[in-house]
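Alright, structures below, take your time with them.
Here come two complexes built around chain A, the first alongside chain B, the second alongside chain C.
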Partner chain A sequence: MEIEKKTQGIIMLISVAGFLLAILCGYGALIYLGPEKTLGDSYRIFFFHTPSAIVSLLGFTGTLIFSVRYLIRRDVESDIYAVSTAKVSLVFVTIALIMGSIWAKFAWGEYWNWDPRETAVLILWFVYAGYFALRSAIDEFDARARSSAIFAVFGYVTVPLAYLSTRIWASLHPVIIHTTGMNLEPRMVMVFVPMIFAVLMIYISFVWIDGRLKKIEYQLMEVVE
Partner chain B sequence: MLRHIKEIAIKDLRLEFRTKSTLNFMLLFALITSMMFSISVPFQSIQGTAPGLLWLVFLFVGLMGFSRAFLREVELGTLDGLKSAPVSPSDILLGKVIYNLVLVLIMEAIIVPVFIGLFDLEIGNLPLAFLVITTGNAGFVVVSSSLSTLVLRARSRELLAPLIMFPVIYPVISTTISGLRMAMGGGVLMDVKNEFILLVSFIIIMLIVSLLTFEYALED
Partner chain C sequence: MNVLVGVFIAVMAFLLLMLGLQLTLISKVRRLERQMRRLKER
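This part shows the complex of A and B:
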C-alpha cells in the first residue's frame, strides 16, 4: 500500500509535468516557430502527429513486453498492463493516423495516398483492433489472457515494419531520425524532442490510470465471487 | 522428431483422404469464387487484375481450409489425445503446417489451370508464378496454422479468424501479389529477388515465433 501511494505520487507528478510540457511545446509549435519555406503553416501539425506516432510504437513495444511477461509469470498484473498499453497506444496511433491524413491533404494533395508508411500503420491499427476483438470473444480469463498475449507477439512484427517502412520502400514520408542526428532545424528540434517526452509522460499516466482501474475492478470481481 | 512430424502430417492426410471433406469444400469454394470474379470483372481489364484475383481466391480458400487442421481435432474431441501423445508441441505444429502445405499444393494444381482457362489468361512465366504462389501460401500456412489455435475457444471464431490473420500476413499478401504480377508479365527469377527475400525472411521469423509460442497456445 505504501509503495502504491508512492507510485501514485510519482505518476501525478509525471502527468502534471507532461501536460505542462505539452502546453509549452504546443505554444512553441503553433506560435514561437515561424512558417516553413515550402509547407507554410501546415507543417506545425508535425509536432503533434509525429510524437503521438512515435509514442504509440513505443507503447506497442510495452504491450509486447507485458505479453511475454504474462506468458512467463502468468500474473494478472501483466495481462492488465498489456491491455492498457495496447489500448492507449491504439488511441495514440489513431490520432496520428487522423492528423497524418489531414496533413497529407495539405502537403501531398490527398487525404490517403497508400504511402508505404500509411499502409503499414493502418495494418498495425488492424492488428491491435483484432487484438481487442480476440479478447472480447473469449470469456474464460486464462484463455483470453493467453491467446491475446500470443497474438500480441505475432502482431508485433507490424511495429518494426511500420518504423522501417520508409526505409524499405520508396515513401513520401521523410526520414527524420538518422543514426547521425536529426534532419530538422535546431529551433524545431527544441520543440520536437520535448514534445515527444511530453506525449510519453501523458501516455505513461494514462496507462497507469487505466491499469489501476482494471486492477481495482479485478479485485472487486474477486470479492463479489 | 522428424518422424513425429511425419506421423502427424500423414495421420491428418489419411484422415482427410478418407472423407475429402475439407479438400472438396476448399475446391468448390475456390471454383465458386473464381466464377464470381469472372462475372464481376469486365473482360477488358482482366489481364491487369488477374494476379490479384487469383491470389484472393487462395486467400479465401486458405482462410476456410487451414484452420480446419485444428478445428477438426476440437470437433472430434481428439485434441486432448494429441496433447497427451508423447510428441512435443513443435512437432504437432510442424506436422499440421506440412499437412496444410500438401493441401495447398493440391489446390494450386487444380485451381491455377482452371483460373487460366476461365479468364483466358496469358501467363509469361508459369513456373515462376507457381513458385511465387507456393512461397506466399507457405507464409500464409505458417501464420494461419498457429493463429487458428488462438480462436479455438473464442465465440464466432469463423468471423474472428480472418480479422486476426489478415493484418498479420499483410506483408505476405502484398509481396506475393507484386511477385505474381511480375511473373505473369513474363519476369524471370532475378526480377522477383526482393520479393523472395522478404517472403522467406517473413516465413523464418513467423516460424520461430510460432515454435516459441505454440507450447503456450496448446495449454488448457
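This part shows the complex of A and C:
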C-alpha cells in the first residue's frame, strides 16, 4: 500500500513536470526561436511532430517487450501493459502523422505525397489498428492475449521499417538524427531534446493511468466471479 | 508573430487541459484502488 501511494505520487510528479516542460519547450519552439532560412515558420511543427514520433516508436518497443513477457510468463499484467503502450503509442503516432501532413503541405505542397517515410508510418498505423481489431474480435482472455502478443511480435517489424525508411529508400523526409549527432543549430537542440523528455513523461503518465484502470477492472471482474 | 502567439496559447491551453485530465484520472485511480482494497478485505 505504501509503495502504491509512492508510485501514485511519482506519476503525479512526472505528469506535472512533463506538461510544464512541454509548455516551456512550446514557448521555445513557437516564440523564442526565430524562423528558419529555407522553411520559414513551418519548421516549428518539427518540435512537436518529431518527439511524438520518437516516443511512439519507443512505445511500440514497450508493446513488444510486454508481449514477449506475456508469452513467457502468461501473466495478466504483461497483457494489460502491452495494450496500454500500444494504445497510447497509436494516439501519439496519429498526432505525428497529422502534424507531418500539415508540415508537408507547407514544405512539399501536398498533405500526402506517398513518401517512403509517410507510407511506412501509415503501414505501421494500420498494423497497430489491426492489433486492436484482433483483440476486439476474440472474447476468451487467454486466446485474446496470446494471439495479440504474437501479432505484436510480428507487427513490430514495421517499427524499424518506419525508422529506416528514409535511409533505405530515396526520401524527401528530412533526417535530423544521425549516428554522428543532430543536424540542428545548438539553440534548436536546446528546445528539441527537452521536448522529447517532456513528451516521454506525458506518455509514461498516460500508460500508467490506462494500465492501472485496466488492472482495477480485471481485479473487479475476479472479485465479482 | 501574432499567429505564432495564438498558436502558442492554443497549444498551452491544450496541454493544461490534458494535465487536468491526467491529474483527474490519477486521483480516480487512487480512489478506485482504495475501494478495491476495501472490497477485497471484506
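As a working rule, the second predicted complex is superposed on the first by the 225 of 225 C-alpha atoms of A that agree within 3 Å, B and C clash if a C-alpha of one lies under 4 Å from a C-alpha of the other, contacts with A are read in each partner's own complex, and residues count from 1 in each chain.
Definition applied: contacts are C-beta pairs under 8 Å (C-beta built on N, C-alpha and C of every residue); 3 or more make two chains touch, one makes a residue touch a chain.
Note that the structure is a prediction, hence the values are computed from the model and not measured.
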Item checked: First, second, both or neither for A:99, with chain B first and chain C second -> neither
Item checked: Touching partner for A:157 - first (chain B), second (chain C), both, neither -> first
Margin query: According to the stated criteria, A:184 is in contact with first (chain B), second (chain C), both, or neither; which is it?
Written below: neither
Item checked: Shared chain A surface residues [contacts with chain B and with chain C] -> none
Checklist line | chain B-touching residues of chain A, taken from the complex the two chains share | finding: 71, 119, 123-124, 126-127, 129-131, 133-134, 137-140, 143, 146-147, 149-151, 153-155, 157-158, 161
Margin query: Can you tell me which positions in chain B touch chain A when the two form their complex?
Written below: 143, 146-147, 150-151, 153-157, 160, 163-164, 166-168, 170-171, 174, 202, 205-206, 209, 212-213, 216-217, 219
Notebook entry, point to check: What residues on chain A touch chain C, complex-wise?
Noted result: 1, 4, 8, 11-12, 15-16, 19, 22-23, 26-27, 30-31, 41, 44, 48, 202, 205-206, 209, 212-213, 216, 219-220, 223
Notebook entry, point to check: If you look only at chain C, which of its residues touch chain A in the complex?
Noted result: 4-5, 7-8, 11-12, 15-16, 18-19, 22-23, 25-26, 28-30, 32-33, 36-37, 39-40
